[in-house]
Structure formats: structure tokens, C-alpha cells
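Presented sequentially are two complexes of chain A, the first with chain B as partner and the second with chain C.
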Partner chain A sequence: MRSDRGQSAPIGLKLAATGGLLFLHLPILLIFVYAFTTEEKSFVWPPPGLTTQWFAITWNRPDVWQALSLSVRVAAISTAIALVLGTLCAAAVSRTKFFGRETISLLVILPIALPGIITGIALRSAFALAEIPFSFWTIVLGHATFCVVVVYNNAVARFRRTSGSMIEASMDLGADGFQTFRHVVLPNIATALLAGGMLAFALSFDEVIVTTFTAGQQQTVPIWMLEELIRPRQRPVTNVVAMVVVLVTLLPILAAYYLTRDGDQIAGSGK
Partner chain B sequence: MSLDAAMPRATTPAILPGSGGLRGALSDLFWRRPQLLLLLMLLPPVLWLGIVYIGSLFALLLQSFFSIDEFSGLINREFTLKTYGDLLQAANLDIILRTVTMAALVTFASAVIAFPIAYYAARYARGRWKALFYLGVMLPLWSSYLVKIYAWKLILAKEGILTWLLAKLHLLWLLDAWLSLPIVGGNSLSVSSTGTFIVFVYVWLPFMILPVQAALERVPGNLVEASSDLGASPGQTFRNVLFPLALPGIVAGSIFTFSLTLGDYIIPQIIGTSRLFIGQAVYSQQGTAGNIPLAAAFTVVPIVIMGFYLWGAKRMGAFDAL
Partner chain C sequence: MTFAVSFQKVSRHFGSVRAVDAVDLDIVPGEFFAMLGPSGSGKTTCLRLIAGFEQPTAGSISIFGERAEGVPPYRRNVNTVFQDYALFPHLNVLDNVAYGLMVKGVGRPERQKAAEEALALVRLPGYGARRPGQLSGGQRQRVALARALVNQPKVLLLDEPLGALDLKLRENMQEELKSLQKALGITFVFVTHDQGEALSMADRVAVFNDGKIMQIGTPEDIYQRPKTRFVADFVGSSNVLPPDFVQRYAGQHRWGSLRPESIRIGRAAKGDGVAARLVSTNYLGATIRLALDAEGLRLHAIVPAGAALPREGEAVVLTFNREHLHLMDELG
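Then we have the complex of A and B:
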């Protein structure tokens, strides 16, 4: 029994915690205001006026749509690959103990533990050595590699909570391996996989460091934004795209949180 | 109740017949030889990660032992340590020192800002507030990296909100005084090392909060009370009770803040001075300079630093806090 229930925090701690959270959130909220500014050339604050015209202008920009379409396709395919590989790996690691099990976990986590630039340049030089030209698939190759860990983390956490006796019971009752997988294992891990898939999608949709090395001339949304940040062409359009990106990544994260909040962790560590 | 619910199912046999055919045979095979199933499950992910990732890493490492012909610009594929010799030039050592210093400062600042948030969330937040705190850290963690940097470009710009705010508070002289300092100053915050530092702290802060919170969750509240019952001031309680217990979490978080700062090349490129960081050096060596061997040798630096860091962190028990 905790005796501190109802006891309130010292005022200094409250202020520091609130200040810290504001520091984390205010900058993102600022993006929303800038998406409506009438100012074109500079980042002047406060905005001289508010307008919604930039949304229409952004809507009619083919380069934004192309980047968005490429990003969505890459994220979808990478997530699909990561779901298969991550689930297989998690099932193998959590079900059985075998020689080299720790090495496998390390192998899965490594692409995200090492700085992205190392993964990026390693892939790029490997493509150069193997004379593989840049294409849609070179981007997918990179993204799927670091998305595996997100699915893996979610699936491993769920497998640990799923009791092995259910699988044995299913087998005892005469279900074969495939039926057990379909009717017992899959319903148990489905929400964890969904959450992992959403986080993998968000991760891939947002990735820029590895992508700069594997995309060649193609533009995903983050690469498009990076270009705009380095050589600004039309700042209001960038503002609108930034706001849309915040909203698009927000939804899968919230969904993933609600799917896994009963006890097990979302793979929050090591983006 | 449960009996009623089970009744309609009673008409189907409890034991399903074997499905036979190829499917049945496969299923039986996997049941009798679990090793085979394990192998089949592991093969795709291990092949993918082994070939795509480890293969590329290995190729990169290999290339750091090649050298570049300074006249033709072609890569000479003979084993040599010349590239590592180039790495030790004063200009490159400068880059490494600057990056490591920045990483250390960013780690320290993140720990200072993260602690109150983590402590409040772990000890005082309950129920809905706890969920709110959790989401309050998760959302910035997962929201777009580039958008976060962009937001700071808006904030730190000369005509931006920070200057406006300081002008309202009649504190512009303070900003000007800070910007006129050597090293940390510059024309405006968005082209100064101070700006780079702020953005680094902002972007990596959630990675520090989560492990520190996890470590603090495990500290029983009565430990803190016992300490104050025994006459310790809040400061003494923090120094002698809370901080030592939170340390593994802080070290675990510092792995992320340190490693991510070491490898980043986008933040200092967009917000900061023209002085290079390791990531930028790698990027320019492989891109414009076309010197893949030197770029590869440069990537070995963060790998080695992180190797030592992880070794030290493991000794401090940081991995239990992850």
C-alpha cells in the first residue's frame, strides 16, 4: 500500500515537468499556425494575416503528390516485409531456446542502434559495389531492414504474454499446425502486429537519413522536405506539408497506443 | 451462462479430423521435427538482415582499408592503413572532438530536463494523467523528425517567435550578448552552435525521458519518505537516494542521446554553423568528394565510441533499465 497517494507534488517539480512538456509540444503546435500565415518570404512572427489559400496551392502541386505517393508505397511494402520477417523472428526467439538466440535479437536491433548514417552509407556502398541502380526497391530494402525491429519488439512482448499451453491445448484437441496458427496464435497476436505495423509505417514514412543514401533522384516526402529546408522555394507550401505530415504520423501512433496499452509496451525505444 | 453459450457448438465434434494431404503431412512433419520449423522461421529474417545489413556493413568496413588515388580520384583496392592515417589529421580530429563534445553536452542537458518530467510521471501522475504523460512523450518521439527541425527553424529565425518574445520582455540585449560570444554565437540563433544544441536536445529528449521514467517507476515511494523521515533535506534525498537509483535509467537514455547525436548530419546542416560534425563529414566525403574509403573510416569512429560507451553502460547496469 502506497502511503503517498493523494499527496501532491512540490511546486518546483510541477513547474519543471510542465515546462518540459511544453518545450516538447509548443514547437509542433507552432507549425499549425504557420500553415495559415499570409507571409511568403520569411518566418516572421506574429503572422501578418491568416489565409487558407496555401492548402489549395499545395493541393495542386504535382511534386508533392508524387512524393506522397512514393512515400506511401514504400511504407506499405516495407511494412509488409517487416511484418513477415519480424513476426517469424519473434516467434522463433520467444518459443524456443536455441544456440545464438541472443545474437539474433542483437542482429534485429542493430540497424536501429547504430546511427542511421552508417546503415545508409553501408547500403549505398554495397549497391555501388554490386552495381545495383537506385530504384523503388533500393529504398524498400533499406526501410524494411530497420522496420523489422519495431514489429519484432511488439510481437515479442505479446508472445511473452501468450501462454504456451493454449497452443498445446489446440494441438491436443486435434488441430494441425496451420489451424493452430490460424485460430489460436493469430487472434492472440493480431493487435500487437497491427500496432507494430502502424509504427513501422510511421517510421518508414518519416525516415530521411537512410533514404538520402538509397533513393538516388527519387523524392519521398521527407526528402522533399529536406530539399525545401536546404533550398527553400515556396515556404508556405512547406508549412502546409509539414502540418499534414504531423497529422498523418499522429494517427497511427495514437492507434498503436490504444491497441497495445493493456500492459505491454509499444516499441518506443530506439527509433 | 457459459454452458448456454457452449451448447450450439456441441453439435460439431470436439476433435477435428486430420486434414490429410500435403498440408497435413507438412503439419505432422513440423510437429515431429520442431528444429525444422525453427529453422524455416529463422531463415528469412536472418538471410535478409545477414545479407542486406551485415553484408553491407562488412563491405563498408572493408572499404575503409582501401585508399583513394589522389590524382585520378579512383579507389585503389589494396589493403592499406593510409586512410586511417588521413583520419588522424588535425582537421578531422577537430571534427571528432566537436561532435563528441556536442554529444556529451546534449546528453547532460537532456538528462537535466528529462528528470523532472520522468519523476513527476512516475511518482505523482495517476490514471488518466499517467496516460496523458505517456502520450505526451510518445507523440513528440514519433512525430516527424524533419518537421521538428523545421519548427525550430521557424522559432530560431531572426524574425521568428523567439526574438519577438525576447523583444516583448525587453531581453534582446541578452540574446545579442550571447550571440556575440565566440564559438557558441553567430549572426542569429539559427546559424549558431547554440541553435544546433537546442535542436539536438529537443529532438532526442523523449529518448531520455522514457528509460529514466522506467527506472524511477521501480523506486518505491516509501524509500523517499523514509529518507525524509530520517531528516534528510529534499536535496539530500535526491543526491543519496533518488539519483543513484535513477542512474541506470539515465545511462540507458544517454546511449540514445549520445549515439544519435554522434551520427546525425541533418540537424547541424540545417541549423548551425559551417563547422562540420562527423555525420556531415561522412556525407560530404562519400558524396561530393567521392572518397568512400575515408567516409568508411569516419563511420568507424562512432562505432568504436559507441562500442566503448555500451561496454561502460553495461557495467553500470543500464541494460536492465531499457
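Then we have the complex of A and C:
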């Protein structure tokens, strides 16, 4: 009989774990370091010198602001659309029984299971077929396809845990449909929606593939970065923006995790 | 006369299932009315039709003289105590009770005062700040009752409200509900599958089976004078006697019923009566329940505990007063 309790792991395992973690996270650290380098044409290790000038330069570049503003607007509107559609769809699927319910459930989740490139090509050819010019709204539509899934999954899990007779009780006590939604349904699904919404926002903010296929001339932050890497000018600006993106996407995902860790899974967070 | 609730040929079908089938029903204002029946007999659907959660497929419903078809639940002066209580987990007890007044736009101080009073009425004063999750089953039940009563409904609907409580608590609540109903004078409509509960609490009982009402009457009517085999068997497990048997003792060829406590047991040697054999005895505390085999007919008798009993397997003679043999409407 032996017990592993209190014993420390073998040294080999420790080394492997450390190595794995370093392999995952060192490149990210590297990006942060390059944001301070004095060399602007290529990334040289070690950095020849350190400077904070790139933050000021980034601040004064209008293209950065355009990309950032576009990304925030796209993410905000896609998330808003997803919140409405995802909640409605989750309510329909979990509250009522109808023909084809399981199929609808599957179809809603499908966009997140499909590779982004498939969603992208499908949307692009659909837009071309319908002769819709690429615009801000085509990007929003593309992003909404996978944002809906995230909100739907969170909402459906919460709806399943709330008792259906609560809604009847509210109506019975004199509340009409709107009051029931406002005072009973919404408070019960609020944290699930907040978590789903944050995750949707983060997904939209760093999305590349679907955006490539659905954007016209506009550049969201990730697209702008790809373009920027080709040009040998003021390279560390890209790294400064990358730092911002990491913060903007990481914080909502962490918040979503803490809001729902009491049982709801954040389905689709692995995309 | 204006009835509290009146059903005229009301049906509610779900696809091919006739949950409620052409039901006629009149509930008198201020009475304690029980709907009794096995699960799936349509009693709960009738309750939901009164509450407005279901709409009739055919027929008409009126509540205090007003047509109720098409009127949504939130415009009916009727409140429900749900089987699972359906308390709002995100609100504390006081806000739960005050909910009905809140959505009607009653001001905060006023509705909280009314909610406190309702909580006092169900003997839960001072519990307002707690969350439903912190209460026991019996306390949640009282909160649900207070929440329904705070709106001062004309009819209070109770959907198996005592089903989830243990025996002792259930007996206490039965008495309390009964005296609460007397004090408030509100019409109570109570759904239950427990015949003891229906008989002990209700002024009148409707016995449901297969979406139809088998019999409506006072508990005594239902218990002593069942009209059909189903009622006799479901309410208090009467002995149902086939027409041939009844013919011999009452001269009429129709189904009869005989309450187990009406049967007397005698030694086989003496007197005439129904020859039978004692199959088994069941000790119930105050009484003993006997299973008897009378010429292939299984009968039950209840005798006071302590009476001298024959041994199991022994031959006995059963006697009963002719007037205790009740003739049902069902012919052979």
C-alpha cells in the first residue's frame, strides 16, 4: 500500500510540466518584450535597447484607432445581436416541445463546431450570391453566427435549471409577459447572459478567419496586425496593440469563468 | 345564483388525449371544494383551466359570473399555490409575498406591510428577510400560501400543496388550511389524489376519472353512497360487490358496495350469513384489517383491535345490516 499524499512529484515530471508551461507562455512574454525594443525593422533577440516611445507612437497612429474602434463596434453589436437571438432561441428550445427541436438545437451550435474557414467561405459566397456589398454589417453578421452559439449554450443551461412553474406563478400573481420577463426570467438568467456576452465579445474581438472572408476594405485589429507584420516599419507598434488585445480579451473570459463556475459550463470557450 | 366557478361541458384535449372530457361543475362561493382522483384523471388540468394556464378545447368557464375563456392568468382574480411552491429564488421571502402587489404598482411601504400581515397569517412572522432556499419544505409551503393570499383572490387554487410534506406536518397543515379557509371565507379549490385529505378537509368533493367527473357530493355522500364501482373503490377502498352477489341479499341485479367496517365476523358454526375464509390479518394500530375469501370474492373487513379473531385460514361467517349494503347506479 502506498499513498501519494504529501509526496512531491518526481523531478522529471516537474521539469516536463515547467517546460510545457514555458512553451505555451514564453512566446506571449516575448511579444510583450518586443513592445519595448529600439529596433523597428525586425525582431532581434536580445533587443538592442529598451524604450517606451512605441506607446506614444501607437497612440498617435490613426490606423490603429480605426482598427480598434471597428473591432470594438463589431464585437459590441455582434454580442448584442447574439444576446437577443441566443436567449430567445434558448427559451424556445428549453421551454417548449415542438417538431424538429433537437435539429434546431444542433443547427444553432453547428457554427462553432465548423472550422472558421467553412463559415467564412459559406458567408462570402452567400453575400456574393445575394449581391450584398462587404461592409461593417457583413462582418457583424459573420461574427454573430458564432457569438449566438456562446450565448445560447449559457442561456440554455440556465433555463434548464430554472423551474417552469416560476413563470406561471408570476403570471398567476398578476404579472403580464413583460413584467414576468423583467422581474423573474431576467434575474434568473442574468449571470449566464453576462458570462455568455463577455465570452462572445472576446471571441469576436480576436476573430481572424471569418473576418477575412466577410470584410471589405475595413480592418479589424487582428487583420490590421497581419497586414502590419508584412510592412517593415514601426514593427513594435504591433506588439503594443497585441498587449492591448490580450488584456481586452483575457479579462472578459476570466470574468465569465468566475461568474459561472458554480456549475454552468462555458460551452464553446475552446474555439 | 352566481357560482364561484362554473364549467359548462368543458373539454381540454391534448392531441388524441382527452384530459378533460365534457365536464360540468359548479363551485359555490365560500366553499372548500376538493378535486379528487388518480394521476392523469384530469383534476390538475381542471385547476389549470380555472387559473388560465390552459384554455378549453370546447365548453365555457365562468368565474363569478364572468366568462373566463381567453382571459390570461394575470387578469383573473384567482391565485394558485403550486405543487412545487414555485417561489422566486432571487427574491427574499418578503419580496416573494409582495410580488403580486409589486407588479400591480402598489408602493413599497404599503406592499411590505401587506406582505408582513400575510406572513403573520400563515404563522411565519419575521421570516421576510430570508431566502426561499433557507426555509424547510413546510415553511416554503406557507410562503407560497401567503404569496397567493396577499392578492386577496376570490378563488384560491391549491395543486396538491401537501404532497411534499411528511405525515405529521401534513396533518397540521390540513387543519390549518381548513381554519384559514373558514376565517377568510375565500373559495378554496383543492386538488389531491389522497382521498383521506379530500374527505377530511372539503365541504364537497368531485371524484375524477379519465377526464370525467364520476360523482360530486359531500364527503359523506361520496364515502357512504358511491355511485360507481370506481368511486367505491377509490374513496376509502369499499368492497365492490358484483350484481349476482347483490341479487342474493338485496333482490336487485346491480353493483353494490359495502364498507369494510360494516362487516361483522362470526364463527362458522352459528347463524346464516356469507360463508368465507379468513385469508390474512393486517394490524393497523387502532384497527385490524382482514382479508377474506367469500366464494372466490375477495372482501376486506375492518374490526377494532383487541377483538377476538379467528385464526388465518379458518372458516367464518360474515354478516352485515341490509341498509349498509349500498346499491350503486351501475347495473349488472
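Note that the second predicted complex is superposed on the first by the 241 of 271 C-alpha atoms of A that agree within 3 Å, B and C clash if a C-alpha of one lies under 4 Å from a C-alpha of the other, contacts with A are read in each partner's own complex, and residues count from 1 in each chain.
The criterion applied here is as follows: a residue touches a chain if its C-beta (ideal position, glycine included) is under 8 Å from a C-beta of that chain, and two chains touch if they have at least 3 such contacts.
Computed from a prediction, not measured in an experiment: that's the story for all the values here.
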Partner chain in contact with A:Q179 - chain B first, chain C second, else both or neither: both
Partner with the higher number of touched chain A residues, chain C or chain B: B
Which of chain B and chain C A:I230 touches, first, second, both or neither: first
Contacts of A:P187 with chain B and chain C, given as first, second, both or neither: second
Touched partner set for A:P222, first chain B, second chain C, both or neither: first
Which of chain B and chain C A:W45 touches, first, second, both or neither: first
Chain B versus chain C as contact partner of A:M166, first or second or both or neither: second
Chain B versus chain C as contact partner of A:L107, first or second or both or neither: first
Overlapping contact positions on chain A, where the chain C interface meets the chain B interface: 171, 173-176, 179
Chain A-touching residues of chain C, taken from the complex the two chains share: 51-53, 72-74, 78-80, 82-84, 86-90, 99-100, 102-104, 147-148, 151
Footprint of chain A on chain B - complex, ascending: 14-19, 23-24, 26-28, 30-31, 34, 37-38, 41-42, 44-46, 48-50, 52-57, 59-60, 63, 113-114, 116-117, 119-121, 123-124, 126, 131, 133-155, 157, 159-161, 163-164, 202, 205-207, 209-211, 221-222, 225, 234, 256, 259-260, 262-266, 269-270, 279, 282-283, 286, 292, 295-296, 299, 302-303, 306, 322
Complex contact set, residues of chain A against chain C: 163, 165-166, 168-176, 179, 183-184, 187-188
Touching residues on chain A, where the partner in the complex is chain B: 2-5, 7-10, 13-14, 16-17, 20-21, 23-25, 27-28, 30-31, 34, 42-46, 81, 84-86, 88-89, 91-92, 95-96, 98, 104, 107-108, 110-111, 113-119, 121-126, 128-129, 141, 144-145, 148, 171, 173-179, 199, 202-203, 206, 208-209, 222, 225-226, 229-230, 238, 242, 245-246, 249-250, 253-254, 257, 261, 266, 268-271
